[in-house]
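Consider the two complexes below, in which chain A is the common component and chain B and chain C are the respective partners.
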Partner chain A sequence: MISKFVGSGLSRRTFLKSSAVTALSAGLPGSVFAAGDTIKIGFLAPLTGAVAAWGKPGLDGCEIWAERVNAAGGIKLADGMHKVEFVSYDNEYDPAKARTGATKLIREDGVSFIMMLGGDTWPGVQPVADKTGMLFSTLLPSDLSPDTNTLIAPAEVHPIYNVTGVEWLAENRPELKTAVMCAQDDALGLPSVATYLAAFEAAGIEMLDEPLLFDPATTDFAPVVTRLISKNPDIVCLDTCYSDYVHPIAEQLFQQGFKGQIISCTADFYDQMIAKTSEEFMEGFIFQFPDFDDPALNADNINFSDPNGFYAEFNKRHPGQWGAVSWEYASIMDLWKAAAEKAGSADPDAVTAAMKDGGKGAHAFGDADWWGTELFGIDNALVGDWPVVAIEGGKARIKDFRSIPDWYAKHGDLLIKHMKAYDQMWDQRS
Partner chain B sequence: MLELLAQTGLNAVYAASYISLVAVGLVLIFGVMGVVNFAHGELFMAGAYAIVALYADMHVPFFVAVAIGLVFVGCLGLLMEKALFRPLKDNPLGGLVASIGFLMILQALAVMGFGVRMEHIPPVTQEVIAFSDKVRLPVARLYVIVAALVLLSALWYFLKKTKFGWALRASAQDPEAAALQGISITQTAKIAMFIGAGLAGIAGALTAPLVSVNPHMGHSVIVTAFIVIIVGGVGSLEGAIVASVAYAIVHTFVTTFYDGVLADIVGLCLMLIVLIVKPTGLFGSADRA
Partner chain C sequence: MPKFMIWIAALAALIALPHGLSFSQQEILVFLTINVLLVASYRLLTLTGEWSLGHVVIMGVGAYTSALLTKKFGVFVPVSMLMGGVAAALIAVLLSFPLFRMKGFYFLIGSFAAGEIIRLLWKRFRDPFGGAKGIKGIDPMPDFSIGFYQFDFFEPTSYYYFAGFIVIICLWILWRIEKSPVGLTFHAVHWQDKLAQASGVNVRAYRTLAFAIASGFAGISGALLAHYVGTINPNAFDIDLMVFVLTWAIVGGTATFYGPILGCVVLTVINEIVLRELGLEQMRPLIYGAIMILSILFLPNGLESLVQKATQKRAGNGAAQRSPAE
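Up next is the complex of A and B:
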């Protein structure tokens, strides 16, 4: 192969030299800046395809975040102020494309940090992370393992926060005694199934049936819904279904006459669901992701800067596009910026050390702990309070903030039991 | 249990309806053109996006939008015939490769025109025919069932009772002999492409308010259609309809009584069993296999 390059005019010495430089730059990603250089942040998530709703709105949110930070002067490192810029790569929720994207972002774009959705794409990226030492973030702590200490989950503790919705429901609707659940059979759906099973068991809510798993390629959800409601459950749980599934499932529940409680991890674009069903049908729908115009987010303990203004700006630029992840990647950047400024450097090791200093961090929903050894084999998930959201009068409203560590302290054994049953513990995942 | 069986039966009838529309279109194109049209799922997608543009965005009445969608996707079929399949008719793999390229172009156009997110389409109607508390048929689904019955009956009449239909069948059975009889192979190819693409288009248009419309929605449809035409017998319209019904019943009942992942496996096993027992498919003949 080398001889082919040599034959085409590239000398062996030049080839080896450039290879060494490439390898070195891959090993020391984005660690050295001249004052005033722009810091590049990689955004490696699905921007197209069925999972795009958990990528593209996040990038849109990051652009707003970058404009705000740059307008305020940028990020202050030891050598001065630096502007920040996002470099995106659409991995289409495909592991191979994610791996290519990670390599490209590190080697060609010289990014200092890469944010991912994670899930099915993480196994493709993990070898790149291990080889380069680049700091990656995921929205899915179920990607965490002690094999990679440069992967952090600083925003979303999916699926563990789902326990808060069930806990709140059990306390506020004690008449609900039975539940059923459906989920797509993938890396997002299965750990969430285990979590909901633990939460229902902890709450004393009986599962009437095994969770109904469906192929992610499913388009007609009538058979799924027919099965779900055939046993007259009080609660139908939609697990962490993608919005492409939540909408048609909710519509089918409406059309097939279900009148009980629905709980779901997400309800992205819930206004469209209301349009397809009715305001009455969607009343009380429980999920986990607030609109950021919620008055409850103006409390002192909230660490996300100007949530109402961010929400207004997002909706002005992208009307109707607000979703679960619109704020999450931006909140990760808040944490990264604070750590980089504390370390005075964008070097991944220095940023990680500063970020985890003292074992605590400023999560968007309040101060939180770096946590996770029992579940993930490593304390790289930032876990604290999480909101429980209900649709009331056609609008999402935060009903309460619940502590995930408090729930885990009481019911952690149940979570581990169900995670093990679904082969979702860090030492069971291949 | 009876109510569960009845509701599952209704679900299966709906599934069989839209699958058969897509599969019959695919078989028609293969039968007359001899081309495996990999872009058929994207023609289904184009029909769905016609509803997004006309019904959801421009507020054209739904059934007018469906009719326009049928014609629009039929014209896409004509474009494919003229620009792709006719120039490559002597190249056995040319049409297949060209259809894959066209598939990507249609997906890219959908992304450029509408974005990557699923599209919101207001419900056509929220009316439901309630046979009992547990047995309900949404009227929007009934539209798909009725349309499939009407269109497939009309296609049967067209193929069996009209001169154009005879010409089409003759071209499919033996193009050279048909040409010697004065039948224009080019004309029959155009008719087959228009009808085949139009059937996929109307299936996409009618189901658009019931599914998630996105640029990649054609993928699962084409996989199902391929399973169906292999089970039914490649090139057999009757086989495509029978296999659509069989596949829909098996898939729907297995999903309801076991789970959706197992249903996919059972669907593929059904195809394998048919291929082992009767390699030409249920209604296929050896010269087409």
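Up next is the complex of A and C:
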């Protein structure tokens, strides 16, 4: 603080060092470790509010991951074994609070890596990332751009994987010819709208109306659904609606007598949706996030360690709370751990270099490529296969794994066309 | 102690304050300082008896104006902040034509609708407003030196001093307005509008004036926020934040100038520091709501009533101590 009175011009490196010294002087471990010190990982996501369903279950999954890793001895760096611990900060999906949280995690808690949901919160954090050089991860690669060098999207390529659901549907239910779509009008909804439009166009499915964009503050979905189904579509697409929207929309579709196909990015807490509607109504509901007790996840190409055991433990501790992100942050930690052990260090630059070495990475659903220059302006998204999930007899089941790069090789121009129409390309963002 | 000594001591305490806080608490202090201006400006509007649900959107008008002026036209940041305030005031004047055909509850609902229209316009017109994603990469306040102190506006302490300086000036202006004949007329418009009208006061013009002034200062607070966080989007100015502003005003009380500020400071410290430090991070909405309900039940006149009681008691004790000597 006193240095403010005599000079300025902190570089990223000196900033990190001074932060580490500050953290150490406060009795907290920083980026520089002694053997046996605990490595702290930051968890900066919404834990309360409308978007909490994509934060809180992830933190719960990470706690299980940490216990498993620590029980096995911890993370092996060049100077020995280290236990791992998560430090969370609820950013309430607010950029200003995300900035505060990033500052706390880096400058006070001395974390080595920060996992975020991303979206609206990333622009608030980006100046902190630029200044400190801290490595961040996001679940939303639409945050990526050529100037986000310290941001990676190693778990999911939202919303690009949504193409796999539509592709599978077109192949397995060719009688479905028309669709309508709704989404909340925000940073999560719009790129997903563009992706679904590209996927439907590639599959030869006609859109009966423009996507219906509703305000995120919407609470009454009866008029939304009435308008959606007024044109008698074969398919209703719920885009990447938050679970707070997916549930009431599904309930309205049920109450207003919709009998067709529903496709959605997520179906978090689908058991509650079944309880609000019926097993018959939810039969065949397509989405993209499996339960990890699925037998298909025991295949050799799956890189997530003991998915069935992880799922059982999660449900034991947090019954009914399994959701899309329960495993994702933990799978990012698998990648981070492997990279840190390979580099022998928790230093953000060393971990990043080790993680991207050779241009390939061990994604939870199989080996994948670091990819994204065309769409995001930077190869910081890990892309490979993604599962298509359907509800059958009240239970989510993986129907197939589809390759995102293969779809993109055939229809990438369509995706770029629709992304541009919605101003979602990296060079179009304000 | 002479009054000016108290003010100097308070100023010294405000200057020293960030140095006793952690980095994240310094960040919270910056946002708290900005919110103090927001809630104080809201109180000016309530002087005329009208409660708006669009004040936070008006704050957003200032934020968007200032961000666009710097991003598209390269306007110097402090000038763009001022322009943000002016734009917010002008929008308020425009809105006053339909809104001040209404009073009370109807004005409240009308202001909410007007605010939603503005938010939807930000979403609809991606150029220039950035649509739902809003605007990011907003120019920060440029660093500068004043010889003995280097302002680096990435650092919360520097921005706190800058924002604090602006906010103190704004609060002083608001205070002067309230104590001026114009401010007294605002009170008259609230409590005796028929009498004021009969005395030749143009009630609607004064309501518009209060709305425009309050909106101007809210716009400046929005601009201060935009150039610190570096990003704004329509959801940042939605009804959720408006509920917080109402809560600060209600829990603090609006009878005095300091009431809403007290509410803002106390509730922010409880919500952002105390509950997080106690490890009750995920319980905060529940506890915050409980505090609000309890304060309304047991402190119907707001936190300011506690201060008033304490100062009255002190004044009473002082008088009692003086009387034997007399």
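Definition applied: the second predicted complex is superposed on the first by the 399 of 430 C-alpha atoms of A that agree within 3 Å, B and C clash if a C-alpha of one lies under 4 Å from a C-alpha of the other, contacts with A are read in each partner's own complex, and residues count from 1 in each chain.
We adopt the following convention: a contact is a pair of C-beta atoms (placed from the backbone, for glycine too) under 8 Å apart; a residue touches a chain by one contact, two chains touch by 3 or more.
This is a predicted model, so every value here is computed, not measured.
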item	value
Fit or clash - chain C, chain B, common chain A	clash
Touched partner set for A:L190, first chain B, second chain C, both or neither	second
Which superposed partner A:K56 touches (first chain B, second chain C, both, neither)	both
Chain B versus chain C as contact partner of A:D120, first or second or both or neither	second
Touched partner set for A:K131, first chain B, second chain C, both or neither	second
Partner chain in contact with A:D215 - chain B first, chain C second, else both or neither	both
Which of chain B and chain C A:L47 touches, first, second, both or neither	both
First (chain B), second (chain C), both or neither touched by A:T100	second
Which superposed partner A:P223 touches (first chain B, second chain C, both, neither)	first
Against chain B, colliding segment of chain C, chosen among 206-214, 242-250 or 314-322	242-250
Chain B and chain C footprints on chain A, overlapping residues	47-49, 56, 185, 215, 217
Parts of chain B lying in touch with chain A, wherever the complex brings them together	4, 7-8, 11, 14-15, 111, 116-118, 120, 122-123, 126, 128, 130, 133-134, 136, 138, 141, 210-212, 214-217, 219-221, 223, 251-253, 255-257, 259-261, 263-264
Residues on chain A engaged by chain B in the complex (per definition of touch)	47-50, 52-53, 56, 185, 212-215, 217-220, 222-224, 226-227, 230, 243-245, 247-248, 251, 254-257, 269, 272, 275-276, 278, 321
Residues of chain A defined as touching chain C within the complex	1, 4-8, 10, 22, 47-49, 56, 88-90, 94-96, 99-101, 103-104, 107-108, 120, 123-124, 126-127, 131, 185-187, 189-190, 215-217, 423, 429-430
Sites on chain C touched by chain A in the complex	19, 22-24, 27-28, 31, 71, 116, 119-120, 123, 126-137, 140, 143, 145, 148-150, 152, 154-158, 225, 228-231, 233, 235-236, 238-239, 272, 276, 281-282, 284-285
